[in-house]
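What follows are several structures.
Next come two complexes built around subunit A: one with subunit B, the other with subunit C.
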Partner chain A sequence: MFAPRGRTGLAHRPHFRFACLAGPGAAFIVVALLLPLLSIVVFSFWRTESYELYADWNLGNYRDLLGEPAYRTFFLRSLAMAAAVSLVCLVVAWPVAYVIARHGGRYRLLFVLLLAAPFFTGVILRVTALQGLLGPIGLVNMALGIFGMEPVGVLMYTPFAAGLGLVYLFIPFMVTAIYLSLVNFNFELLEVAKINGARPWRAFVEITWPLNWIGTAIGLVLVFIPCLASAVTQRFLGGPQATSFGMSLAQQFGETGTWALGSAMGVFLFLASLVVILVVRRTIDLKRSGFTGALGA
Partner chain B sequence: MSGTSVPDAVLRLQSVTKRFGAVTAVDRIDLAIERGEFFALLGPSGSGKTTMLRLIAGLERPDEGSVTIGGRDVTDLPPYARHIGMVFQNFLLFPHKTAAENIAFPLRMQRLPRAERDERLAWALKLMRLDGLEGRYPNEMSGGQQQRVALARGLISRPALLLLDEPLANLDRELRSEMEVEIRRYQKELQIPFIYVTHNQEEALTMSDRIAVMRNGAFEQVGAKTEIYTHPATAFVAGFVGHANRFEGRLVELSGDFARMDWKGTSMLVPKPRSGGPGAAIQYAIKFEDLEVARSVNGFDLAQRNWLNGTLRDVIFKGQTANYIVVLADGSEIVISSAPRGLDLRPSEPVIVHWPVARGTSFPV
Partner chain C sequence: MTGTRARSTVIAMGALLVALYVVLYAPIFYVIYTSFAADIVWPFPPSFSLSSYDDLLESSLYGDALRNSLILGVGSALLSTVLATGGAIGVLRYRARWRGLALLLFLAPLFVADLLIGISTLAFNARVLDLPGNLYSAIAANAIPGTSFAFLIILSQLVRYDWAMDDAAMVFGAGPLRCFLEITLPTIWPCLLGAFLISFILAFNNLEISFYNLGAIPTLPSVAWGSLRFGLGPELFALAAIVNFIVFAIFAVMYLLMRCRIVRFGYRG
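This part shows the complex of A and B:
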């Protein structure tokens, strides 16, 4: 005979319930995210020959990656591009997010959605559209031509054009991140600062900026990391001087079929992104950010 | 009444008006605040008192009129050029700064030398009894501590004027009465004029020297707090300050300083209203504590008293006093506040409510 288990049964234990809730999602993340990542790590220590992967463990891919000046150039170029794009996005997005959060009234959400509207189409289409705008027979240069002016060379297949494209692609992330931070910001604190003698700019530096730094940092990460890896934009808009680390990486998996080297590049990119995140994390002091929740164990 | 003749007023408002759309939030206000004065702005919510404070602070610009602080016209100056302090209902401390950093903020904005800053900070911490809490963040402090930090921040730069917008409304009752006493002590010590906005008449009466009762953007009455309490200028003030019973009736005849009033067939002798002759509708207000309740009126000179018969419905014991609720012959209720000791009345006992004729105030309606 079994004793009735009643409320002490497995189904009533809180841990079991949480496991039921979180389990499927966690399993999905493990399968869909960690396993491929792990396989990339494994491949990066293998060897490719004639489009075939061979499981002989070696460090050759990393030696090539770090030794070959071209890869270093691509990486530094991508790093510089990501930094410049993040900075431009930051400077452009802050006032936009601020105005929407402060003065958008009940249309705030609509404005943010409008900014994200280009997302409804897809990356290739957006980049192509930009190509149509900036290219030699694009709208800008055509218009200049009609008035008998020289086309603006810097807009046509240059790193600058690629950067412009990246800013256009990623600025909605930055605006959204800063906006979400600002809608939770108590603007009354600025009045307090002003009464206590702070000029508007000082009030921004003392109050608004530090209290919205977490959101801003999230925006920076959301822009910087995809920019670091980006390939498509540079390919369509950048011309030969804009070849990025991401483009080279894509090539390893495509044209040249050197998967092992590509995997090593992927691991390198992953580690670089991790470093960026850790650096940003270091700048965040929860107490100094006005974070009021429990700090946890 | 406006007090604009005060020669060296710290703050002077001249016909200050502020409209929001069709609503006139502050309507041609004249006011002068003297050095060392504790001034309360008392009124129900929506009466314009917070708008007035914001106009003084420079957070709003008046549509008409001028604001002068310390003899300087600041009407067009932003808040940071006015050298004032302000304390808010919800404290509004900077959440990412420690108590000490919050308090020293105004001094940093003034670019005071470090040594002087530290000295002032130590002074403010001591004054507000915040020693030992310097390093705490706002969310690590109790409401009372946060409010003291807010007060310290408002006072540390020794502003020309401290504005307080319902600073105690978010504190519990016990802490509130403690802070009432403390705030008044700081004010008297520092001799900085305080302008204290509240809808709580007890706060206004406890702390201030002078009170302005506001209604619909204008002053109903401005005066010393005892004056406001004992001689309300309007029926609104009588109803808003203190607890009063109200009788609405008709003026029968005037005799000297008194008027005979008919209230539902009962004749009462009341102080003469400001205007109105026989037949005019008047309202008579008398505070709970000005009434007396007894089993009989033996031993009183009834020529100098009004009295009403009724039945005691309930006694609400409040500690120092008790409220006696009496149902009158017509079914209406009046309240008498009295020391509970010595009165051994029981509910449903017939009683007589009586009071000297000179008490209370009557107003033309």
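This part shows the complex of A and C:
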């Protein structure tokens, strides 16, 4: 299964090949992602004055961030929003991914690409279209008006509307992650369970769900992390009660130009994401995952 | 009894699938519909006109934006797919010491929000490297999550790949490159294509990463962002409609190819 060792005794050859294959990508991630993240950690201890960064080390940004109740409200709001959106995505995405993987036949790839195609239309246009569909003068409320019903105000410019928008934007990620796990799942195991007398529900709980938990967990993280940081959706759909941590963070790098405080908020956001990932990581039991091919040893 | 219940479960899940597609595409059809409306702010009741498309043809800004978006998408997708293919094959095939670390690095961008990638690359480029906004930084920055998504897609498809074929080719004297081109690539190209497409789509219309890296260079999302102050231009709706027509046409061709079994895209069975 693995590369044969060279007969000349070059035991390091697999390592050399591995470095050639995975090295460039790993180096790219270090330079393009980790160094910039490190730079905002440094800037978060600096000071901004009239749009310029000054390198006098202090903890003022973190004191502002933790002391100001507004930031706490924004963060808790984003946290609750991200949790709710991930949960809704999970519940809707599982059956959809399952039916594509199990019954999609030879058109499976097409079904998955159809989930990705809406991304060809930019976020702003799609969110504007949601406004057009659900807003006070939108299609849904106009249709309700024709039947003589009251317009539904909760559909636009409320936290509920922002949540709806986020589910709309991120559910393709969840479906794709679960789908990618399910296409590697051996459905014959379910037949074995059935023969041994397990009901479909029990087979799902004891076989399908645990064996696809890694894919599901990746899906949850893929939805949770961007929702925790999201700014655009709340700004367009959320109304005044939905100002998010991401909106406030983007503002520090835009209008107000307080990069040092913004960096501190970025570091805080990153640490919060890290906590979520570590919590999810703890739930993963590799021995029960069936994913030993890539991670074993 | 269980048979009918199983079938009704499948039908319920299929209905949910259809409902999801309807919800996902409702705003897309709204955009297409509005692009043909005389007034994009008050598109109901319908009044058709092609004025959006006339405006689009007369303006040069949108052509530039589309071209930059395409360059950004293709460049970033190429970079992502090449890096991710190497990474996935390396991680799956060799029991090297640094395998766990490589896996962690390749997946790390999934755990960093776009907004955070955007602001941190902006801070790094502007304050450490002293670079103004440019297309190359945007390509590199978009390739960060692109590499992760491509890696995830390729990894999940290659888990079941049988490397014995490659070993056999090597035994008969094929070099690593020839082995990849003649044995591995013909089998795995559909998943590489999938990875390329997904990373292209994500970079093509990315707002939060591109916005902080591009400076004044127009792409489709940055033009949309810029024109928000005066309300979205009708040209944007027309352009989005055209892009969607092209995408639908490609999907229709793919469907026909699959239907006639000319291309199977990796499906066996």
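Here, the second predicted complex is superposed on the first by the 265 of 297 C-alpha atoms of A that agree within 3 Å, B and C clash if a C-alpha of one lies under 4 Å from a C-alpha of the other, contacts with A are read in each partner's own complex, and residues count from 1 in each chain.
Definition applied: a residue touches a chain if its C-beta (ideal position, glycine included) is under 8 Å from a C-beta of that chain, and two chains touch if they have at least 3 such contacts.
Keep in mind the model is a prediction, meaning the values are calculated, not measured.
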>> Per the contact definition in the header, classify A:Gly219: touching subunit B only (first), subunit C only (second), both, or neither.
In response: neither
>> Can you tell me whether subunit B or subunit C touches more residues on subunit A?
In response: C
>> So in the superposed three-chain picture, is A:Glu188 touching just subunit B, just subunit C, both, or none of them (first/second/both/neither)?
In response: first
>> Quick check on the superposed pair: does A:Ile207 touch subunit B, subunit C, both, or neither? Answer first, second, both or neither.
In response: first
> Which of the two partners, first being subunit B and second being subunit C, lies in contact with A:Tyr168: first, second, both, or neither?
Replying inline: second
> Can A:Gly197 be said to touch subunit B (first), subunit C (second), both, or neither?
Replying inline: first
>> With both complexes superposed on chain A, which partner does A:Pro159 reach: first (subunit B), second (subunit C), both or neither?
In response: neither
>> Per the contact definition in the header, classify A:Val99: touching subunit B only (first), subunit C only (second), both, or neither.
In response: second
>> Looking at A:Val30, would you say it contacts subunit B, subunit C, both, or neither? Reply first, second, both or neither.
In response: second
>> Counting contacts the way the document defines them, which residues of subunit A are shared by the two interfaces, the one with subunit B and the one with subunit C?
In response: none
>> Considering only the defined contacts, which subunit A positions touch subunit C in the complex?
In response: 1-4, 14-15, 17-26, 28-30, 32-37, 39-40, 43, 53, 92, 95-96, 98-100, 103, 105-126, 128-130, 132-133, 137, 139, 142, 168, 171-172, 175, 177, 180-181, 183-184, 200, 215, 218, 221-222, 225-226, 228-232, 246, 249-250, 253, 259, 262-263, 266, 269-270, 273-274, 277, 291, 293-295, 297
>> Applying the document's contact rule, which stretches of subunit A touch subunit B when the two form their complex?
In response: 186, 188-189, 191-199, 202, 206-207, 210-211, 287-290, 292
>> Quick check on the complex: what are the subunit C residues that touch subunit A?
In response: 2, 5-6, 9-10, 12-14, 16-17, 20-21, 23-28, 30-31, 34, 42-44, 79, 83-84, 86-87, 89-99, 101-103, 105-106, 108-117, 119-125, 127-128, 140-141, 143-144, 147, 151-153, 155-157, 159-160, 163-164, 167, 170-171, 176, 190, 194, 197-198, 201-202, 204-205, 207-208, 212, 220-221, 224-225, 228, 232, 236-237, 240, 243-244, 247, 251, 254-255, 258, 261, 264-267, 269
> How about subunit B: which of its residues touch subunit A in the complex?
Replying inline: 57-59, 78-80, 82-86, 88, 92, 94-96, 105-106, 109-110, 137, 139, 153, 157
